[in-house]
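I have placed the structure first, in the form of structure tokens, so that the comments after it can refer back to it.
Chain naming follows the written order as A, B and C, and within any one chain the residues start at number 1.
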Amino acid sequence: MSEFLQQVVEGVGAGSIYASLALALVLIHRFTGIVNFAQGELAMISTYVAWQLVASGMPFWLALPVTLAISFAGGMLIERLLIRPVEGAPELTIVIVTVGLFIFVNAAAGLIWSFTVKDFPQPFPEGSVALAGVDIGWSTLGVIGVVAVVMGLLYLLFQHTRTGLVMRAVAANPASARLSGIRMGRVLMLGWGLAATVGALSGVLVAPLLFLEPNMMGGALIYAFAAATLGGFDSPVGAVAGGLVVGVAETLAGAYVGFVGADLKIGVPLLIILVVLLVRPQGLFGRAAVERA
Amino acid sequence: MSGQVKDSPAGEPMTEAFLEVSDLHAGYGQARVLHGIGFSVGRGEICAILGPNGAGKTTTLRALSGMVKGRGSVTLDGTQLLGRLPEQTARLGVAHVPEGRGTFNDLTVEENLRVGAYLRHRRGRRARSERVAVAADLERVYGYFPKLRERSRQAAGSLSGGEQQMLAIGRALMLRPALLLLDEPSLGLAPLVTRELFRIVRTVNEEERTTVVVVEQNAQLALDIAHQAHVLESGRLVLSGPADQIRQDGQVAEVYLGISVQARKGG
Amino acid sequence: MSTGELTMHASRTARWARPLAALVITAALIATPYYFAPFRVFQLTMVLLYAVVLAGLNLLVGYGGQISLGHGAFFAVGAYTAAVMLDRFTTGHLATLPVAAAGCFLLGLGFGVPALRLRGLYLALVTLAFAVFLPPLLKRFEHVTGGSMGLTVPKPQPPSWTGLAEDQWLYFLTLTVAAVTLLVVRNLLRSRVGRALLAIRENESAAEVMGVRLSFHKALAFAWSAMFAGVAGCLYTWVIGFVSPDSFSLNLSITLLAGLVVGGLASVYGPLLGAAFVMYVPNLAQDISPAAPGVVFGLLIIAVMYLAPTGLAGLAARARQGVRRCVEHLRHTRRRPEPASPAEQTGPPQPEPQPLTAPPTIGKG
């Protein structure tokens, strides 16, 4: 039993990483109606930035906020330079642009930092703490804690600030938002910036568990897709819940379903996506629940 | 159908022209909808634009608020509106309540109204006084629409159609607009609710001297509250004049009101 | 919806010009393997083979407006189907083609039905996940697929009466399949499926009102599209004689999509141009750096979307039109100052398909 609980906690740890990447996807989807296929790669680049900062001697806990700030600016810049010119074009056009960005960023990272793997420093202490008979690694707790703090801040931003209100208004009805005098461009930039920030968080947190290399976020992106599909692409709360569920499901499947093992775990999100689409295509937190976010 | 298309400045005796539309062309891509219409609205007047489905009524409003591009000239108190985006015309005091209401369904009623007051946010010394003014306006809107106060914490999406229309108008009033554009407020509503809405629009117009342009298929209702009215057909104005006169014109009642009754079934 | 954008325009070019051009091209295609070195012939064979996948992908993306990021995986399924059949059951090569095609068609339907129930990008998500999942799956079933080592299988041998070398024979086999594919795709687009796709792409809700069963037709289009990927995969096994999981990474899927976009969406020649791009550009770029193909592809895709949404094929069509206008201008310059005839400016059969310039988003109420 305690081993099972342990697996669940591990799953929540992995899941909170997927949750933040899924949240990044959902943020952009809510504003623009598209899926940003480059989200994982942007997170990867942010992680390289963090690595570069740490490698040049900056302490991790300073490098993290600096990286998040750089990512925020980068996300805004991408919206302004890359997405704005195709705004109003058919969905397909914008999606293909994000696919192009995916390919480009992946290759560019390889060009700058090479394709050889790098070690990313583990920011949390070694060892574990016993809670209710379950040994939980500090690293798992740390990941959960950091994600929880950032989610809490985002919640405050969206629910209790004027900027958050404006952003929710734009997501709910862009045309009416404009008629109320809201400048869409700024809000969209902000949305992309925030998405890049939460995405970057997932990259920085996952990097110590994996190795740092240009393809590191490919798998995480698919888990995040599954999380967003499960939660509903319109629901930030759903993305977080979906991320946790997907993380736990993945960990349990890897541990207890012999056939799956470590190498076929990537089939779990595919299965989840297909099942959700067949059973409840709008996701667990479809439209109706969104406003209670 | 050779009603008289009056060139705007000529036939406006009562007040100075506040909104001046001349030779307005507009459309979507290849499809041209408006073929050069012109009219003017005096300050503090209600102007009704009538006509069958597809005549270009909605397009007219969209051109005024910048939702579609228009050619020609539209001035509000002397300022050119054409060539501006919706967020820019809003800054000039144009509040457009779009067809289908355009409420923010995920937001609560009160949040909807606060978004309406978005442009009135101020920093620095005037922040506090403006906040007080916005709070007062919130009360004012709740005064017009008591139902909204009851539901202030409810999501806009959960309101009835009539309540959503009230909310949409309330949101527009939060801007303290100089010009209020209403697109088919009666659409999909029960006659009683519609009558009530129009009564409130008239009250707002009288109490605050807000200039209103209302687009309607339900000509009877609109003519009851309007000062001036224009009849659009196939993108051209076919008749303009004081509302009473148009209401009494037997030909109009027959031709256009008849059309409007039939078209409503389709739309 | 006229079928005008599917057929190339037969305007004022002389009647005999098109059959003549077709004859010349056919002759050139047949003569090619006799005049080039085996290595060049092999490369051209690969171009034809990629053209088959891209023709199928074009059906989905160009005409259906849906994205697949996993066509490399269907290609792999086709390739492995053929390889396993040849390896285990020692069937003839010809038998592998229909099996690979049918298998991928069904698989496509299996993914397409759930993924296309909703409007949106779920197909792209599902196919991407599939493309990532397939290589580890192939490695897992080692006893069938040969695991990471892959499978080596015999290539089809030319019958002695032909007197052809192996590379020439493979070229002709691929050429035949590619020609049949292009014909099938053309007919598909002229059929109900094609009209439904166009209706869907232009306006989903209007198409629904017209009674087009959206999700069904989209799933069907995807199945066809996956089938062509499978056919091409099968050809790949014939031509290369070797399959391994690493040949079919996500990279392949993305390269295919990139090739199609650059070649030209919703155009007849787009897949061919795209296939040449997929064959030659990565090799050229690879010489610079292993990351260079990605950088080039990424930038090219974005540039195409900004500057020429109709891709290379669109540019070619535009150039052709330009030349024609000049010729017309010279011809009519004395009679009329206006060079282009009204038919060319406003006539309904548009010479250039315009896949990505949809009507404005604000609908008329």
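To be clear about the criterion, a contact is a pair of C-beta atoms (placed from the backbone, for glycine too) under 8 Å apart; a residue touches a chain by one contact, two chains touch by 3 or more.
Given the structure is predicted, the values throughout are model-derived calculations rather than measurements.
The pair of chains sharing the greatest count of C-beta contacts is A-C.
Distance from chain A peaks, on a Cα-centroid basis, for B. Here the chain at the heart of the structure, going by C-alpha means, is A. In whole angstrom, the spacing between the mean C-alpha positions of chain B and chain C is 51.
Rounded to a whole number, the gap between the C-alpha centres of chain A and chain B is 43 angstrom. The distance from the centre of chain A to the centre of chain C, each centre being the mean of the chain's C-alpha atoms, comes to 33 Å.
For chain C, residues that reach two or more other chains under the stated contact definition are 360, 362.
Listed for chain B are residues 67, each touching two or more other chains. Shared contact sites, meaning residues of chain A that touch two or more other chains, fall at 175. Contacts from chain A toward chain C in the complex involve residues 34-35, 37, 82, 85-86, 88-93, 95-97, 99-108, 110-111, 115, 175, 218-219, 222, 225-226, 229, 233, 263-264, 266-267, 269-270, 273-274, 277-278, 281-282. By the touch criterion given at the top, residues 61, 65, 67, 69, 111, 114-115, 117-118, 120-122, 124-126, 128-130, 132-133, 136-137, 139-140, 250, 254, 257-258, 261, 289-295, 297-302, 305-306, 309, 356-358, 360-362 of chain C touch chain A in their complex. On the side of chain B, the complex with chain A involves touching residues 65, 67, 85-87, 90-91, 95-96, 98, 102-108, 111, 114-116, 118-119, 121, 155, 157, 171, 175. Remark: chain A residues 162, 165-166, 168-169, 171-173, 175-184, 290-291 touch chain B in the complex.
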